[in-house]
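Sending over a structure as structure tokens; questions will come in a sec.
All chains are identified by letter, namely A, B, C, D, E, F, G and H, in their written order; residue positions are counted from 1 within each chain.
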């Protein structure tokens, strides 16, 4: 048992996964991840090549190039870095390069803000990446290793990104059990170049990426759709296998917490889900049947899984730390498209404001009261303060 | 009455709107727009400055800079160009710069494809931009002028982007009535620097964009949310005013076509909505009560408007020329989150495949049949071909 | 010196590709691959060279091509070099092949970054002096006076000097070349192939539709660029400039043909005012003066 | 020559800002704005200079600041110049103020583009030789041998020479400066202000926490950079190089202090092997040799 | 398709082939015709053909691969012995 | 707020003010103290103070604005007459 | 009235221009029109297609033309390529630029030697006979709803001076000369 | 058992390190811990805050600490700043690095001269007394659940050699010297 920040937990996960090429560009609050990796590599503790690229666009481009030569690759970024590399994020997704990327979730400017918000990562949700979200440093560590297993699974072969809340997870040091190297090696076989969709080999020369007319593009894109369909099973399988290998319960698509008999279920995501659990326990102690469902995987979106977990509840409160202007909370609305009863959507924690245990407790109460009044399908900005900006 | 491609219709719209700074970077199939503008400017037919930037990221950055000095600005791009400027798209949205941008919708690579798909623009849907989609060259022209009115309205003050289907609209020449310059000037007052959220003026020096902690960010973001709330009314108002000024029916949020009594309603978007209308007429002739609702505005999303338009239908068929992998058709799922009855989602035209009149006819029939079998909430990839790629 | 006889008969870039008739870039790809041989991986961003490959499921290339995004050539190549290295895959040459837009404009960040890291690959910019793939818009490498669809009266600014910019990066090898002199070009590719680190070659590629001249004049136009001194053939290595090919004989202004002969061959310079021609001639002369200094001549 | 007396007493960048104690960049902002005066618009990308402004709703700046994205300084400034022009707003100076990372790495594309278009603004790169705002990661401007959090054994590659790269763009004015010589810097800003087109100044900015030296030594460290010849003060205008300030007297190697004095003052070079020091000294010497050639000396 | 069914991933990869863009000889308006009598076998035409559409025989003779020759006329221009003439097609 | 309510758009704009980051004098560990007797009024300390925390009187005298002086010590180093000493705070 | 037309030619031969001029002429006659290039990465010389629609009501659809009423083949060499007649309605009109009339029993086949008309009128650019105005003239005549005057107006507004009169002459020669 | 702690100091004073070492020590004692920096753009010398949690069960929540049980003030100058005692529970412990005990009747106030301990042990960097190990020692002792041995283990694993023994000595001096 050691103590490590969420960021360092990721770096150690990358080491356990034996990533071979790391191309990354610094950005607060991701820097710890790559600084630790640079240190591990330069001190000889880890065998990998670190490419000091000049931007995130180049970071992802370099990862794509390296992956195309059979190397296991890693990058990490945040907010503006992710937006700046967006073109290449799509390139990796549509080109099916099984790259793994950590995203420390941070608010997009202007004005400059380095604090927690999930919109940065969610804005890439159409890019053909598997997307996950961690709830603790331990999970960040475990998810890093799991991400490679999922990405490189022959049934999937899509890149994986996973999120860490800025500071509250990225910089918070917590108890961490490292995955033994042997356990990691058993769980995650070496990358087989033969299995890669794109492999650059002069002995078997192919051209990747030249024009494809409307005659076949749709069929190739459908293959990606199918891969995402299979990914659900692969994710659950990877979580089960890693649970067995580590003795720690790993979550795949969603995490259910006391939701089976709950009257009010909060749908939460990220590090604040822990605060939500504490709130659920308090509510239960107060006699209110509360429960939580946590979105661990965002793509493929676990719509059916969420729907079945909240089926019995009177009120579903979806808490979004993100927003799509002119639409609503992204998880809130995406989940709503699967639910027969309209949920309540709480927009909270925008721009880095904390969502506390107390907030979750009140949200649950508010949702129950709203449901009793028959007020569903409403969006509420939670925790707004007086504003005389 | 002249004949012009959708692209040129936009260029003429930009001239009618008296844009003052144009910063753009070429990309197929957008080039016609900016080539025509360069020609109009260099031949002296239009008073504006054309900045020959070195990338789309710089194009949007330059527009932001110019807008901050009180100039009306324009840019146009497509697919990879849009993805490459994504960081600055958010910058313009969150910074509330009322820029107008035309997006010629094109498939994102790899592999390279220059053909029609809407995913490129939809991928920017969280960026704080008003988003619209044109159905004809005439509408592209009219919408260009309308876009400035909406963007610069003091109740809104957010940037506006609007889409044109690659080739089928961008390069297709059609009948076009130009808006008279006087009509345009009456409809669209000059940009008032006083009204700009950000105005760089040494006589009244402010710093734009420096750090904002979690103490106030949420409140500022809520202002944007409110602006989008008001935008719905502003859009309808602009459409009405421009209808009156031009004598042409302009659509604001949605367009209803024979949907009021329809048993099956197709939700369509973009240039193929015309094909859909033809299909509706054919179906009606065959005795099938079909109708269409067209999504003209994507942000703010006209969820309630759609819901009320399709309320009576047995089957709602949402046709998406876009896809969010691991989730579904974007419009399909977004609309579903507002509908009480689950729609059917048809994924069609991916990678530039045509969606023909016949396709729409069959989709309507398929949707009706599915609804009768009670099979709702299903996604179907439409028009898939044998695949031995 | 590489002679015609040294070039293998085998083609690595096959006929029946989608290049325009008379394309200098297609010719040069052919030549470069003859030198580099089959153990090569080519990285190509959006540009004519990506379209020349034609449609899936066929490609004219007998060596693997990694197409990449417009801005990403040098970064993708850096990744490939790293991937080959960590996998212990030796003896493979990596070549970036990009247009002037993809090099001088949107791609310069990645190129400059790779240059500073001195990544081990060859970067060749085939310069047709505009965005040709999208239909002849001005790039920063478009020469002053040339008409494009975004500079209908001719471009006002001078051509960005990318080879000089790359020399300022202090690379192991920088050279200019011209498609009309394939053996000179081949020689430079061959030299680059033997060095470690980032080697940069800037290749002038006359483009019949973009420059508006008849296809059969491609070589003549390219030669005129060199013989008028508008384009100087040189190498830079270890801080030293060396003129190559016919440029060697052109230090003396009298030996150079008047620039207007070159301009007159091309539609993009049609109707260019006499004063502008003189200004352009002065640009050429002063470029040579600067070159003389650099040569220490 | 600008003297201390020529500097206005008025401060345009107010005390109580968020710069580290002893920050050379903060000092230089102060000086630059004294020269440029109130009719200035400043564009700043992500970097220390954006954080130095502190939090909303306050700013230390008495002139308007347009913060922009990390890669966007020169493009945003281009837009501002265009906006002012079309609106007929005359007499306003536009200045881009960016770090070495925002200039040499992620920002070089926009800068190179604006340079080729010769946009009418002043671009100042304050070079603290690493990504300081994010905690001292290597940039391409980090010198060889310096330790950073991403080069824990010291950086292996040489510092990218951005002023030379900008000279290769053939700008109206390029100069280097050092924060330890504020009057020399002020002179250059003042010169730049009077010229049209893109003027580039590259300012070495010693950074106490990043270079690891005590805050009070900032000026001494900066002077040592110049006096050892590690950093050369010069101007380039109309194709001509001119040394300025103390660098004028340092052509003769004997006049230059040994590089190791400069290195020894800074924690980032601690425990640097002797052989590496010699190599770095050779780099300095050869840079001066090259400079001599350029000077025609 | 089988591979896709069994879950093997797939992206579009193109294979090297002559005529990747079809029989580009069809694009030709003028056909280059060699006069073997004049030809000195210098191979400059081969060197300069952008298309690689000139073949060389063991004896050094050259001929056009008309399936692909686009008729640019460069070979004719560079031939020192003026052995290649351009003949209008169609 | 009023403005926002009536629909007037608003982004965060910061206004120029001293002490934008608070009383940064609090950060100081050492206080620079001038000995007016030694001072020659050369103003080099004023020139070099990164903070602009040295004021100049009409008579040329200089003094520290301790609310903001961060105590870097540069003034003391650059003073040619050694008039500025650094005194430990607290 | 709703007519769909498809044009076959080579990149560089001006079929997109011809199709746009065609609908411009139709618009002058009071119709609605639409000209649709199929756009690829095709280079000069490679086969290309464009389509057009003419209607008395607004043309709302934007899909390609799959079952044309008229097909015009600009390049003599292309006459027998199979994509040329693909989808052409039975009894539809096939206008070919050819010296003699090819045999397609299921269609109304009309031949015009547009190349000759072009050459006669000195319409040659970079070795290419510029046939698009001649083809425009012939096609307009065959469509029936476009008057000689509209063809004249469209061609004259497109090119001025010597080039204008050459093109106009070619278009009208074809308009008059085409034999249905 | 669930304890929340908040640390106040200046940027550069090592409060994040101290808080991490604190929970490392707690972990050695078998507890779960969490160390949370509040991160801003603060520079060396500016006021900064960190928090920590120690619990016998997994710490799930990730929000800031708003109502600490313990507050430790690393900088003598900060003792009377109002944010320092904000939210501190009534009867909560306020540990201050100060020569004498300030008066806060509603809290258990403990003073320790950590600066002196640091100086005595030669812990000075760039003019700064490095007080974090001394404060760690004192705080550990006051928390009650952390043994001298764990403090020793954590400090020794962090620094080696001379620096290690100086820091260890400071931590233990404070551990022993703090008077509750």
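Basically, contacts are C-beta pairs under 8 Å (C-beta built on N, C-alpha and C of every residue); 3 or more make two chains touch, one makes a residue touch a chain.
Given the structure is predicted, the values throughout are model-derived calculations rather than measurements.
Ranked by separation of Cα centres from subunit A, the top chain is G.
Sorting all chain pairs by how many C-beta pairs they have in contact places A-B at the top. Distance from the subunit D centre to the subunit H centre is 40 Å, each centre being the mean of its Cα atoms.
Here the spacing of subunit E and subunit G, counted between their Cα centres, is 32 Å.
In whole angstrom, the spacing between the mean C-alpha positions of subunit C and subunit E is 23.
Centroids built from CA atoms put subunit H at 79 Å from subunit E. In subunit G, the positions touching at least two other chains are 40-41, 43-46, 127. Residue positions of subunit B touching 2 or more other chains: 52, 54-55, 57, 80, 84, 87, 91, 95, 109-112, 114, 198, 205-213, 216, 220, 354, 387, 389. The set of subunit F residues that touch two or more partner chains comprises 4, 10-16, 21-22, 24, 27-28, 70-71.
Residue ranges of subunit B in contact with subunit G, taken from their complex: 1-3, 29, 114, 136, 165, 167-169, 171-175, 271-275, 277-278, 354-357.
Listing the residues of subunit D that touch subunit A in their complex gives 46, 50-51, 56-57, 67, 69-71, 104-106, 108, 131, 133-135, 137-138, 140, 149-153. Looking at the complex, you find that subunit C touches subunit A at residues 38-41, 43, 50-51, 53-56, 59, 61-69, 71-72, 74-87, 89, 92, 109-110, 112-113, 116-117. For subunit G in complex with subunit C, the touching residues are 41-46, 126-127. Across the complex, subunit B is touched by residues 4, 7-16 of subunit F.
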